[in-house]
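The structures come next, written out as structure tokens.
Next come two complexes built around chain A: one with chain B, the other with chain C.
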Partner chain A sequence: MSDKDLQKTESTAVTEKVRNVKTFVPRVDIYETKDALFLIADMPGVDEKTVDVELEKNILTISGRVENGKIKDYSLVFSEYEVGDYERTFTLSDEIDREKIKATVKQGVLRLQLPKAEKVKPKKITINVA
Partner chain B sequence: MIMKIRSLLPDVVRKPTTDIDHPFYSLQREMNNLFDNFFRGFTVAPRGFAAGMADFTPSVDVKENDKEYIIKAELPGVEEKDIDVTVTNDSVIIKGEKKEEKKDKDKNYYYMERSYGSFCRVIPLDAEIESGKAQANFKNGILNVKISKNQKAKEKGTKVPIKTS
Partner chain C sequence: MFGPGIWRMKRFADSVPEIMDLQREINRLFSNVGQATALDYPAINVWEKNDSLVVTMELPGMEPEDINISVTGAALTISGVTKADPLKDGETYLRQERALGNFQRNFQLPFQVDSKKVEAKYEKGVLNITLPRLEEDLPKKIKINS
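Right after this comes the complex of A and B.
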């Protein structure tokens, strides 16, 4: 089965977990505009309290905790997804202005705005008539 | 549409425990997945091409007890006004659209793993349900629908006592 077919892909990272839940790799879109890079991650079930964005050196880690949605006394009829935490890491280049990174969460979607540093923004050089 | 419903074939739903591991069913599912993957497996397809193919299909969990069904669907990034939940006598239809924001026109994509588009899932349910008593709420990208089962419908069948002669 290809990863693309699944809404969530389980993380294959070999680190010991403190919480006994599955960890998924959220799907992301990354795009660049003139002034910034945008990272958008689908993390259904997280809100602003349970999502974490960390930047250590040049490693950006996004993670989210989702409380287990097990409901007692109900039997499962049909299951297509599992509930678990999210984690994914990215390596940032020096072109990002680390001080100005903005993060928002809305309807289970994390949105990061990573502004480019002034020095790497494309500049148009005006040509003067000599 | 057929492709999306296929994974929710009623016969699979009715026999969740016994047949799900049966080799024939798993083979059938594998085949279905294979075909679905073939058409959905483009990570970065040209937009026009992807629009029709790499549609967004929400994952659904269905749970039940004696009194009610709980249906959960993962709909990250969908606005509640774009979700439409319809309950019929024996099924629930979740329709909606995940819209792609078009704020910045000048986008250069590096990763495009998320998918957008309209979706429609028909979830067939085993027991008759009371369509008037359905509740739905949407929080953090997860839709939660609670539907009571019709208690009267369950009592329709009359139990026949067996006598030993």
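Right after this comes the complex of A and C.
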């Protein structure tokens, strides 16, 4: 793996925040099954209260807010990573049944189950003899 | 090249974190040359207060029992394994960016640690280890007899 893959990537796409924090791009795994799309995102520092999932038309946005990560009474003496918010946007190609989207957060990992919508079945139109 | 010399950083303890960020950026700039940076994964932050250190590490999505922490004298080792979701036949990854597999990191700490008092916490995917200094290792004030 290259260095870039291992370090957190700062997001350049998001609009500026009111809070003076950096925004990072969470690393994701996406896999597809017959009837659903699974998205797993690494967002260490978030829990179910601070993560947001939005689906507008076929644009899926996941975002997470992270507390500044400071430890009370302690001072930082050595640092390899930075703490900040997360945001990432995806364009979905398939129709998603938005009523059935399931999202869980466990130990800083967001798991999304996006069930594919039942395709509109082609209807046969019978022509009546006039 | 510019390894984690934790004890040498102590003289900057009062400085703002921005200096740390700058130092890390510069280190990254220079240490890329022919260096296996995979050894520096997962990243850590080290915090200090009087006679204890706190080491934090971002380890999303693990089970606490899959993380091994060991302390011997002034050496700290953190290792573990992260697993991927088992896939059935015909299911494929469209995107695979998360770092999965084995990892291990070793650190030389600036003092002897009281291994009985070490506490580790794992919340929201962030590992938090508190390492108190061994009492016998604390600097002693020497009385001068007149």
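The working rule: the second predicted complex is superposed on the first by the 108 of 130 C-alpha atoms of A that agree within 3 Å, B and C clash if a C-alpha of one lies under 4 Å from a C-alpha of the other, contacts with A are read in each partner's own complex, and residues count from 1 in each chain.
One rule holds for everything that comes next: contacts are C-beta pairs under 8 Å (C-beta built on N, C-alpha and C of every residue); 3 or more make two chains touch, one makes a residue touch a chain.
Keep in mind the model is a prediction, meaning the values are calculated, not measured.
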After the alignment on chain A, I want to confirm one thing: do chain B and chain C clash, or do they fit together?
clash
Output check: A:Thr89 vs chain B and chain C. Expected answer is one of first, second, both, neither. What do you get?
neither
Where does A:Thr104 make contact in the superposed view: on chain B (first), on chain C (second), on both, or on neither?
neither
Return first, second, both or neither, reflecting whether A:Thr61 touches chain B, chain C, both chains, or no partner chain.
neither
Check whether A:Thr33 is in contact with chain B, with chain C, with both or with neither, and answer first, second, both or neither.
both
Touching chain B in one complex and chain C in the other: list those residues of chain A.
1, 5, 7-8, 27-34, 38, 40, 42-47, 69, 71, 73-81, 106-109
Within their complex, state which residues of chain B touch chain A.
7-8, 12-13, 16, 33, 36-37, 40-43, 54, 57-65, 69-70, 72, 74-79, 104, 106-114, 123, 125-126, 138-142
Inside the complex, what are the residues of chain C that reach chain A?
4, 6, 9-10, 12-14, 17, 20-21, 23-24, 28, 32, 37-38, 40-41, 43-49, 53-54, 56, 58-62, 84-85, 87-88, 90-99, 122-126, 128
Show me the residue ranges of chain A that touch chain B in the complex, using the header's touch definition.
1-2, 4-5, 7-8, 27-34, 38, 40, 42-47, 69, 71, 73-81, 106-109
Listed in rising order, the residues of chain A that touch chain C in the complex are 1, 3, 5-8, 27-34, 38, 40, 42-47, 69, 71, 73-82, 106-109
